[in-house]
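One structure is given here, and the rest of the page talks about it.
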Amino acid sequence: MTGIRVTPAGIIGILMVAALPLVVRLFFEASEKYYLHLLIQILLWSFIYTGWSLMGRFGLTSLGHGAFTGIGAYATVMLWNFAGWTPWLGIPVGVVLAAVVGLLVGYPCFRFRITGHYFALLTLALTEFVRLCIVGMRDYTGGSLGTQPKRYADGVSLYALQFEPDRMLSYYIAFALWLVGLYVWLRVDRSMDRYALDAASQDEDAAASVGIDVTREKLKITALSAALCALGGGVFAQYQMYIGPDTIAGLGLSLNIVFAVIAGGLWTLLGPTIGAVFTQMLAETLRVAIQGSAELKGLLGNSALALDQAIYGLLLVLFIIYMPKGILGTGTDWWRRLREKKAAS
Amino acid sequence: MVDLVLGLFSRLDCSPDIYFLEAIINGLLLAGLLALLALGLNLIFGVIDVVWICYAEVVMVGMYGINFAYKGGAPFLLAAVFGILVTALAGVLLHFLVIRPVLETPPINQLLVTGGVLFLMQAAATMAFGVEFKNVGIRLGSANVAEMSFSYARILAFLVALGGMLALWQFLKRTYVGTAIRAISQDRQIMPLMGVDSRRLYLVTSAIGGGLAGLAATLMVLQYDIYPQIGLQFGPLIFMICVLGGLGNMVGGFIAAFIISQFIAVGSSCFHTEWGYAVAFLFFMVAIFIRPQGLFGGKS
Amino acid sequence: MLELSGIDAGYGAFQALFGISMRVDAGEAVAVIGSNGAGKTTLMRVISGLLAPRAGRMTMEGTDLIATPAHKIIETGIAHVPEGRRLFPRLTVEDNLRMGAFIPAARVMYSERLDYVYTLFPRLKERRKQLAGTMSGGEQQMCAIARTLMSGPKLVLLDEPSMGLAPVIVSQVFDLVKRIRSEGYTVLIVEQNVSQVLKVVDRAYLLEVGRMKTSGPAAQLAASDEIRKAYMGL
C-alpha cells in the first residue's frame, strides 16, 4: 500500500479551510453563527457524501444510505436519552450496527451478483424499512415528528459530546471529521482493494478469474461506507440537536446524497465536497430567496417551501441528462476540450 | 434495552378469531390494488428496462386529476377517464422528455432522473394544490358478513383491478402491439426486422403504464385521502413487491402482491399498523437474502 | 431487384466492408460466401438497416434503402432471417409468426398467410402452441423462415442458416431453402458452408476480408480450384 503524500497545494487548502472560521469572525462578526452554521453543514454533509462515494465510485450505487445515517443518528440519541449512554459509546454502537446491516444486505446481493436496478431498489427497500422502524417505535423515537437528544448542562459537554452552542468548536469537530473522510477516501484510493473493485466493477468474471474475491472486497467497502455514514449521522445528530425520520433518514435523504455526489463528481476526492457546497448553498439560497420574497410568498403561500424542492428535482433531472459527470467532471472535460482546440489551432 | 424489545411484543394481539379472518380477506382485497400497481411498474421495466422511481407520484397526479374533475362537476366515471388520460399522458411525457435522453446510460442515471421527477412532482402538487388533505368524498359504505365488515370501495377496487389486469393480459396476448410488447424484452435488436419501431413501442408502453397508474388512482381516491406526499406511503411498497416477484415479471409481481398484502393485513391486525408494513418489509429482506433475484426472477 | 454499389461499412474505427457492389434480380437465388470475419453478417446488417453504411448506394426496386429507417426496410419487401435464428424464445410458435406479420400490409393477410405457412411447414402447425425456445435447431430455423414469409416478402435474406446445426439438420435446412425458392421467393443467402449452398443457388459472390473477390454462376464457382481448395477443403 502506498503512503499518502500531501501536496503543497493540499496543505494550503487544508490550512485555508482551517482558517475559515477566523475569516468569518473577522468579516462577518454579526452573523457569525449563521455563516459558521452553513460551513458546518457543508463539512458534515461532505463527510457523509464522501462515505457514500466509496461505494458509488465502484458502481455500487445505493439508494439506501439514508438507512445508515439514520441508524447512526437514532442509535446515538436513543441510547443517550433512554439508557444514559454517552455518545462516545452510542456512536460506535450505531456505526457497528450500520456496518452489520450493510453486510447483511450486501452479502446476498454480492454473492448472487445483484447489481444495477435490483441493487438500487433493494437498498431503497432497506431505507424504507429503517424509516418504518423509526416511525413505528414512536414511543422512543418520537415517530414522524422526530426527537432531540437531551441537553446536558449548558449544551457544551465533552461527556455528552454536545457542542452546538459553541459554533467554533462545532466547526473544528466537523472539520476534523471531514479530514477523516478525505483520509479514508485516499487510503482506499491508494489501496489494492481499489484496483480489485475497479476491476470487479468492469467485469466480475475476469476479476474473479485473477483471484480477486469480489464478494469480500465489496463487503469490505460496504461496511466501511455504511460505518462512515453512520458516524456522520451520529455527529450530525449531536450538532443539529434534532433528528427526524425524514431529515436524517429516508428515501429523500438517500436521493439527496446521490444527487450531491453526482453533481460534485463521483470519482474525485473533492467531488463529494463540491457536491455538498453546491447543494447546501443551493438550498440556502433558495430558502433565503423564497422566504425573503414577498411576491412569491403571496403567490404560493404555504407552498412556497415546495418551490426549492421543485427546483431541486428539476436540477437533478437536468444534471443527469446534460451533466452526468457532475460539475467537476463536465468542467474538466470542457477545459480539456478548450485546451485541445487551442493546441490544434 | 430489553424493555424496548419486550415493549414491541406486548402489542401482540393475535388469535385466530373472526377479526383474523377479516384481516385475511381484507388483505386479499388490498392485494388486487397492489397487484395492479405492481403490474404497471413491471410492464415498464420489462419492456423499456427502466424503473420509474416516481411511479407512485404518477398515481398521485391521477388522484389529483380525478378530484379536480369530479369537484368541477363531472360525474365520477368521466372524472376517472380524465384521470386515466392525464396519467397516460404523464407517462408519455416522462418517457419522451426525461427517460429517452438517458436510455443508453447506466441504470443508475435512469433511477436518479426519475428520482428527480419524484421531487418535482411532489413539489409541483404542493404548489398547485396545497398540503391539506383532499378527498373526493364518495362514501360507498360497507358490506357486513357474519361479524366482518368490508368496505365496498375496497371490494370494488379489487374487482376493477382484476378486470383491468385481465384486460391487459388479453391485450398482450391477442393484439399485434401487445405481442410486440411481450417480444421486445426477449430480443430487442431484431425488432426492426419485423417492422417494429422500438421508440414508438416504448411510448405506447409508457402510455399504458401511465394509464394503469391512472386506473389505480381511480380506485384509490375512493379509499384514501389525497395529499402530495402520498407517493412515499406506497411507492417503496410497490418497488418491494416488484423486486420480490422478480423485477419485470408480471406474474411474479401479481403473486408477490398477494403475499405482501397478507403480511400487511395480518401484521396490522396483530401489531400496530406501521408494524404490519415493517413485518412485510422484514419478510421481503429475508426472502431476498435467500433468493435475491426475486421469487420468480431470472436474472443473476 | 436489390442493388448495392460501392458500399463501405464498419464499426467505429474498424472498417469491415470496402466498396461492395452486387445485385440480386427477381426470381434468383444468390449466395455470398466467405469465411469467418469476411464481413458477411455485416453485409446483411447493412442491407436490413441495422448498420448504416459510410459510403455507397443501395436500392431495392428503385427505393433508396439507405434513406429508409431500419424498421421500414421490411416494407420495401426485404425480410431478414437473422444469424442464429433469433426467435422470441418465450413466445409460442404462433406468436412468433404473428410478429412476422406486424406490418400493416401483412396484418390484413394474416390468416391466409398463416394457413399457407402451415401448409408449407406442417411441423410448425403441430407445434403452434409450443414455446419457440424449446424447439430443436432445425425446427427453429423452419420457424424463423416461416416468420419472414408472414410479411409477404419479395426478397428473403438468410444469414448463415446452417450455423450451429448438426450436419443432418443442415441438409434439411437447405431443402427448406429449395422449397421457398420453388415457391417463387427471391433469395439472398450468406453462408460459410460453401459446398452445400452452391448446390441451391444460381449465382454466388465471394467475399474476402471485406471485399468482393469474384462472382459468377454457382456451378462455375463450385468447379473452380481456388474455391475448392480454400473453402471446400479439397
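Annotations
By written order: A, B and C. Residues from 1 in each chain.
Keep this in mind: contacts are C-beta pairs under 8 Å (C-beta built on N, C-alpha and C of every residue); 3 or more make two chains touch, one makes a residue touch a chain.
Model, not experiment: these values are computed from the prediction.
Because contacts link the chains only in sequence, without closing, their graph is best described as a line.
Comparing chain C-alpha centroids with the centroid of the full set of protein C-alpha atoms picks out B as the closest. Note: centroid distance chain A to chain B, computed from Cα atoms, is 30 Å.
Separation between the centroids of chain A and chain C, computed from CA atoms only, is 56 Å. Mean C-alpha position of chain B lies 44 Å from that of chain C. Taken together, the chain B residues at the contact with chain A in this complex read 1, 4, 7-8, 45, 51, 53, 98, 101-102, 105-109, 111-113, 115-124, 126-127, 130-131, 228, 232, 235-237, 239-240, 242-243, 247, 272, 274-275, 277-278, 281-282, 284-285, 288-290, 292-293, 297, 299-300.
Chain B makes touch with chain C in their complex at residues 176, 179-180, 182-183, 186-187, 189-198.
On the side of chain A, the complex with chain B involves touching residues 59, 61, 63, 82-83, 104-105, 107-109, 111-114, 116-118, 120-122, 124-129, 132-133, 135-137, 139-140, 251-252, 255, 258-259, 262, 300-303, 305-307, 309-310, 312-317, 319-321, 324.
Across the interface of their complex, chain B is touched by residues 48-50, 69-75, 79-80, 82, 86, 88-91, 95, 98-103, 107, 147, 151 of chain C.
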